[in-house]
Amino acid sequence: MRFLSDNTAPACPEICDALVRANTGRVKSYGEDEWTRSLDRVFGDYFGHEVRVFPLVSGTAANALSLATLCPPYGVAFAHQGAHVVRDECGATEFFSHGARLALVPGASGRMTPEALIAALADMPISGHGMQPAALTLTQATELGTAYRPEQIAALTEIAHRHNLKVHMDGARFANAVTFLGCSPADVTWRSGVDVLSFGATKNGAMGAEAVVFFDPTLVRDFDFRRQRGGHLLSKSRYISAQLVAYVETGVWQRNAARANALARKVGAAAGDTLLYPVEANEIFLKLSSARTQALRAAGFEFHEAGNNGEIRLVVSWDQPEEEVDALCRALSPK
Amino acid sequence: MRFLSDNTAPACPEICDALVRANTGRVKSYGEDEWTRSLDRVFGDYFGHEVRVFPLVSGTAANALSLATLCPPYGVAFAHQGAHVVRDECGATEFFSHGARLALVPGASGRMTPEALIAALADMPISGHGMQPAALTLTQATELGTAYRPEQIAALTEIAHRHNLKVHMDGARFANAVTFLGCSPADVTWRSGVDVLSFGATKNGAMGAEAVVFFDPTLVRDFDFRRQRGGHLLSKSRYISAQLVAYVETGVWQRNAARANALARKVGAAAGDTLLYPVEANEIFLKLSSARTQALRAAGFEFHEAGNNGEIRLVVSWDQPEEEVDALCRALSPK
Amino acid sequence: MRFLSDNTAPACPEICDALVRANTGRVKSYGEDEWTRSLDRVFGDYFGHEVRVFPLVSGTAANALSLATLCPPYGVAFAHQGAHVVRDECGATEFFSHGARLALVPGASGRMTPEALIAALADMPISGHGMQPAALTLTQATELGTAYRPEQIAALTEIAHRHNLKVHMDGARFANAVTFLGCSPADVTWRSGVDVLSFGATKNGAMGAEAVVFFDPTLVRDFDFRRQRGGHLLSKSRYISAQLVAYVETGVWQRNAARANALARKVGAAAGDTLLYPVEANEIFLKLSSARTQALRAAGFEFHEAGNNGEIRLVVSWDQPEEEVDALCRALSPK
Amino acid sequence: MRFLSDNTAPACPEICDALVRANTGRVKSYGEDEWTRSLDRVFGDYFGHEVRVFPLVSGTAANALSLATLCPPYGVAFAHQGAHVVRDECGATEFFSHGARLALVPGASGRMTPEALIAALADMPISGHGMQPAALTLTQATELGTAYRPEQIAALTEIAHRHNLKVHMDGARFANAVTFLGCSPADVTWRSGVDVLSFGATKNGAMGAEAVVFFDPTLVRDFDFRRQRGGHLLSKSRYISAQLVAYVETGVWQRNAARANALARKVGAAAGDTLLYPVEANEIFLKLSSARTQALRAAGFEFHEAGNNGEIRLVVSWDQPEEEVDALCRALSPK
């Protein structure tokens, strides 16, 4: 019973159907296909805002290309200290930006606070001799399975914009957050001051599809050159874009997220006081005794440790069998 | 009737079947799946040699990551002046290598000659003040639709190794070349002195799958870190690797290439003396009058110009309808 | 009365004499001159250890080239959060290393503690998906004018080496620290586990001369190529090397540092309880009321603020007139 | 008798005097000194045009920082195939630009022709998939000791500007070229369409001083950040700037160049038909038999080979003793 990550899950039927439908005939490559050409319109409708959309195959590429576009090589991007760009991408942001720096901002439950951001900015003054503050990146849902409320995002982006930073959002689990919040995709993005979004579909039912969404077209700058130079302009773009169109248009983005979230919430409820953070997406973080962790593994549950202090992470996938979740709940319930 | 490129073609049934079969259950991500773990063995059998294989989604990434692994930032890679790495990848090699240089080697029909390589090496001496020769990259089939013979490759790699260069091969159309030559995959790679291969499947029936194949495991070095840093380690690697396994094991690599090659040869034969280079893969280059080029377009044929001198390129895809090829032959035949 | 920085000071007579003596005849360039060729010997004697020495014109270049040689692009260098490489070099380390990261380690009085280093290492585990710990950099004297004791250095380098990190020391004010400690240059470098040193002379009486000193010749790697590529191999190297030779051989390194340290100590003593850190080099940090800071400026003293909390920094140069120091002492003394 | 290079020469008295005069008191660092602050005015007068001037210590840094400012990472700079940036800087341009490419333009006697530039531009079309033409760099005097006439420069810059390229000039031996041409510094720079100049003084009597001169202030962009990040903003900038001011204001730029040029011309005249190119600066290129080359060395003359075909290069320094030149003339004269 695998609760390692939602990226272990297969593609959902709607995505597979879209791929089958796209798999016919000789169509123009490098983004000149009809699916890719429709992305600006499809995502424009989804977000209720003019957008420029670029399909990609990896979230790391989406984040790094976004931040490299917003940050000069001598720029600084402010990120939560536990962010994926900080901990799990092997320096992709530094690579694509040619050496920009990630300044770490602390914050409980995976969220940075306005106070912590202000302090971090104060500690990195704009001056001739230091690196120059350029961007803020927020993760939604956060790495600890929580979700920023729209007003929390707005408070942070307001600070960022006041300091002339542009704002990026890492939305690897964007659908899970939006679904939990019960808001619209617009509410936690452009309406709250987000300039560029890494929109993830891979973890929530796609075979492999991410998008960078620019809410301000002037920020696109040389994204296109950077993408190609990074080997991320795919010749057969149709297969990525067809997934993205289906993901948004069929509503599976919400259906898959809603199911995973609900099951995760169930697990969180069963976990009682071992639960570390509120379950606001599809991840559950627990603090178990070493004995209980071992017992869980012995019972056939697969999961990752989170950090060095005996904390563990369980992730519910969109297609996780209900019986696996029920078994997990039983295993976690206090005897 | 689209003869723009073989990357306009869809995925072939064997690839689609493999994807469907792979699309079940929650499997470990980031290359820990069974398909990715089998790649070294599957390609080891294919090449008759110990190999280390890394799945990727783009040929540009395969080339750039290979050359960046072989070349330090102050290194020089020798490439044919018309090579894809030179002309079509927006400087991906320079990007991934942190500034290595491509030294251009001329040569008729897309192939560099030993003499030209020797001259280029002589012009770029190893010294304290200049960049350091580090790699040779050959394209097989070449950008002009010709194929190096094994002994031609061996002659070039012998020169390269004598100068302490490592040898990379860009095999975006590797299957077309091998099928044309009637040799084994080994004959034009490790047996001829190739150290690292960009193995392409996308253009020849895959949905999107490339592989970097190291014939010398010690050259792998920090490839893995570079790949992740470049956003090219996919979480759902199974979908790339399953394509690669099917491509090699079902024999579609050869079947698709053989069909495309045969149809391209037919077109070449019909083209008469407008044919610029022998058709040794699935590409046909013609020199037509402006009037004939326009007439061809007016008749519904789509193709690219090649350079600035009225030359055109026609590419036959693995699934190109026979009637389209016949129509093209008729249109090209001297009246 | 300028207490802004010791880099405001002129060159001392011994350095000027050396430059005059070196300024004769046509001598080989790019380091083939006699002064540069003698550096390994001269510094070998100075440190009592085999060394490889490279002359440079800027401390930023010395630090960045050192760390780039020790850290791969996906590497992490651990640095005190207030270090010059972190705050004052506009990302030179990130630039020269092609994107390595500086992980910040806290610590009072400008010194990191073993506990803080261990915690930082624990927070940045070696794994396939993250950046890889590669180097530790220590500043001696620190940015707050304190000096690490040899045993403090040894404790930190022992941790570093146990984690397979190499150790760099930023010695922009190396002479001030060694002179304060009353130890030998060896005691705070190779004898305490330092692998590479940025040896500064500019701030302590040179016109412009720094050196990178490798105590382990195998670590030199491709330093030479990186230096040239960075525009830091000077054609007329003799003028840098002659300064370095004179600086070490005439003993001015110690005489200048001793004078500056003694005067700084005097200022520190006069400052009473406004003194923030012990004066162990030639820098004095004070916490003054806004009124007193203004009064000090009004009285003609020039100095920098240090941070945002009303702290100020005063630096005594090797040639600071005694009467300026006396005037400063009077101005700082409690009435 | 050393004719290896003009960078073997010492600093001339006017430069030394300027250094001595600048070596007094504690003056502001990092370019806030009076000499650096006067550079825009001093060079503005020298060129008869508004300029922005940045002092540097190496020609490689001047060239690389200039081109990196003009070229994005995916940009192409067109350079003569024998240019210093191509052959002698270990890829500094690629390093500082984060991977821009040098496209090589051929041309006899070290000069590119308009036809060759046009052909090179035609071969590197602006398109979505390739690197983007961004800059032209010309060397004045050229690497073969010839000088572009103002109208030759104008013809090339006109082509460049028509293609939206910016124009850089590598003026490591700028004074020699201007003095030979008998024109004003303006004639071969802004009046002929040059946007940015690497102005060299080191080879012509300075101790170590170069400058980047922007004739169009809007092109400065982020030069300042790049310079600091490259370790090329010196704390004691006064010592570089004082040299530059003296070099221009005392007229030694012209006096030194005139002397070196005249002596070189004498050598060229003596060389008879072994002379390869007209002597238009202070370099002489000869084609000698192997026996004569050996004889020359045996007679005590030091010089470099130029390429692999028995060609040699002799450079006359500003302070070359007349008797050495006479001896050389005798040795070269046909018996």
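Letters A, B, C and D mark the chains as written, and numbering starts fresh at 1 in each.
Note that in this section a contact is a pair of C-beta atoms (placed from the backbone, for glycine too) under 8 Å apart; a residue touches a chain by one contact, two chains touch by 3 or more.
In this text the structure is predicted, and so the values were computed from the model without any measurement.
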item: Selected interface, A-D versus B-D, where C-beta contact pairs are more numerous; value: B-D
item: Per Cα centroids, the chain farthest from chain D; value: A
item: Centre distance in Å when chain A and chain D are each reduced to the mean of their C-alpha atoms; value: 51
item: Centre-to-centre distance between chain D and chain C (centres being mean Cα positions), rounded to whole Å; value: 34
item: Whole-Å gap separating chain B and chain D, where each centre is the average of the chain's CA atoms; value: 42
item: Numbers and ranges of chain C residues touching at least 2 other chains; value: 30, 73-74, 89-91, 95, 98-99, 129, 225, 228-229
item: Touching residues on chain C, where the partner in the complex is chain B; value: 30, 72-74, 98-99, 128-129, 132, 222, 224-226, 228-229
item: Chain B-facing residues of chain D, complex; value: 73-74, 87-91, 94-95, 97-102, 104, 122, 125, 129-131, 308
item: Residue numbers on chain D that touch chain C, as the complex places them; value: 2, 4-5, 7-11, 16, 19-20, 23-30, 56-62, 64-65, 89-92, 95-96, 202-203, 207-208, 225, 228-236, 239, 317, 319-320
